[in-house]
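First comes the structure, then the notes that go with it.
The chains carry the letters A, B, C and D, assigned in the order they are written, with residues numbered from 1 in each.
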């Protein structure tokens, strides 16, 4: 356990030993730390390009659609982002919802796939390109089939990606081990936080206040 | 911007200024840091109790059901956790899915609501209690109506919670500002990472390997 | 089995006995016959009013929203109708989808509940009224709580309704028994066919061809 | 309008002209009549085989899974059937739900596609066969790619199918026109009623009462 972990537990001093014994709490910390380190690996040109496309879409193509696509837990991350795009005033849809219209050349598709090889998402992304939509992909692999057909790619580190990173040896020396996060967990969680960061920048660029978002937020929600 | 933010950008040195200018990247970092600090505020007895209930359910009540309930983005966080419970071998359902059976006294309901007052989730939680199910709640408010009817409560900090925290003044001095994260974002993201931490502990306690999880993971996924 | 059932089986003459022995086929026939008889029980003023509201909404309030709400299988019937409203060019949402915006006074909510007492749908309908939306209800009970708060009510017969109908005695004499259709099946199936009838009338009134519908139909569908 | 349409309107005699003028009511009647005629076109060996597979699955493989798969409105029809399979006591899942486990050789996949060519459903069906599951298909085309890889096929007439039927000329003479039912409506509605017929037969064969179904029906439903 790294020194960072040994912080003072002001609120529950008598349970320090229980606190430190819980794998869940340790892993939660490790995942958050992974995400902080992942921030450093972001390529700002990619992020900047994604923001530019979304801001231009809002300002110049108010009736244009956005379709967010992802499978499994990546799909849920996409849905959470889709909700915020709705609150920001976008005409947005998510794959898997009942209500999904056709998209075309004035529309944007956003595909989320850690491997960039999820069969269904790749199929959907190809269909989006065939319909001449702008395709933004969020993936760990810039050389994946998904990335290759995309107009904009944002690379987000996931486990495998990170493990092969040049920092690996350094981490070992420091005793920083990778979190016990199975399957695509690290990609999914990092992408979720990244997209919430993106929402903050869109709020600023589109001059939206939290109250503006709240006005569009569902008033009948199941 | 705190000193932590000024890390060396080994992979894209020429774009340091672009990198540091992006609100999205700064906010992503801030949210991850918020989550790291939120770890300290967790009450280990609460977390430990939730794990105990879930482990006993698995070992002693193999056919027992778990129903995960949440509205909006909290519902998506619950669904992401529900998927992992499925992969761990639980007989799990999530509110909002087509396939949701009745639950009863040998079953567990897990309700996720930052405010602990989301009308629909409160109604669902009351129905779960009326059916004599064990109710676990994840909320920012231990004194909320949801928390009050729950058998197990895990408090997870959200924005408001954090803002009123005793550390507020200290944060101001240190120049740490709260992330630009609208509505329930901080609660949702923190809960998502917390629950992925919980999955790690359940894997250990139930002796599950990542390969075990992969075997149950959908092989046909839309 | 009524005489109507003994039709000539031109395509599979050698299997007449198997055909007639299958409860599934007999019940399918019975449900379809139930629906045909249910047509007679429709109140044309109610149907006409619902069409008028939808046509005016389309022509005079192009950006107005429609939110379709139903629980369980009634919710699925509502979703099938919602898809067609989308194809017709409406700005439509369905409760339970990820993407659901706030609705207000220029919007329409359509609630589907056989009993008119489904707790969640009643709650949602009350919220729609509180938001000053126009509320259309489809239910078997004109005196139900749901119907009472609605601006437009269309009564659709379900099992119980039908069973207490004045024609009951006549049916007994004719040997027509009610189909073996559990729970809300008859209401749900009758409503589904009714709403597809409504789609036909909306196509005519809005001058939409099948090709118009196809153009909006999702080109990326999971 | 055929003579069958001119039934006595006992409940609303003063509105006969309004009633008869409504395209929606006429189309509803036409669709129901289409379904009644579709009953005749069912192949009882196919229906019988599907029932046999489902009954054996229930009796001999209690932990076996069923996965129901369909896209768009056919997917909704599949979900409505999936709900009833749940109520009957099956361990059932539907494609598109959050909770969907892997399926294998002791499991059943049920694919619904009018054309038998819906790309995504064909992909999913191929995956089910690759996993050695039993594949039941419901389609209008016995020679479609989907039907060809299926273990059990049940043909359900849709519009095109019906239009090319040998009865076409006879219908013209009788003045029976096809309902104004766009896209896959006739297949979807006919399949929904067929599957509800199947539920009735499964209830009998599995000795289930309506009360048994109600006991499993969700007690917390959004």
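The rule we apply is simple: a contact is a pair of C-beta atoms (placed from the backbone, for glycine too) under 8 Å apart; a residue touches a chain by one contact, two chains touch by 3 or more.
Chain labels with UniProt names: A, B, C, D = SIS domain-containing protein.
Quick caveat: nothing in here was measured; it's all calculated off a predicted structure.
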Rigid-body rotation angle, chain D (SIS domain-containing protein) and chain A (SIS domain-containing protein), from Cα fit (steps of 5°): 180
Same or different contact residues where chain D (SIS domain-containing protein) meets its copy chain C (SIS domain-containing protein), judged by the half mark: same
Pair with more cross-chain C-beta pairs in contact, given A-B and B-D: A-B
Inter-centroid spacing, chain D (SIS domain-containing protein) versus chain B (SIS domain-containing protein) (mean Cα positions, whole Å): 39
Mean-CA-position distance for chain B (SIS domain-containing protein) and chain A (SIS domain-containing protein) (Å): 16
For chain A (SIS domain-containing protein), residues that touch 2 or more chains besides their own: 76, 79, 83, 96, 98, 120, 217-218, 221-222
Graph class of chain-chain contacts, one of line, ring, star, complete, other: complete
Residue numbers on chain B (SIS domain-containing protein) that touch chain A (SIS domain-containing protein), as the complex places them: 7, 9-12, 15, 18-19, 22-29, 31-33, 35-36, 39-45, 47-48, 51, 71-73, 76-77, 79-80, 83-84, 87, 96, 120, 166-167, 179-183, 185, 188-189, 192-194, 196-201, 203-204, 210, 213-214, 217-218, 221-222
Interface residues, chain A (SIS domain-containing protein) side, partner chain D (SIS domain-containing protein) - complex: 76, 96, 98, 119-120, 123, 222
Touching residues (chain side chain D (SIS domain-containing protein), partner chain B (SIS domain-containing protein)) in the complex: 67, 69, 79, 82-83, 86, 92-103, 109, 120, 124, 127-128, 131, 215-222
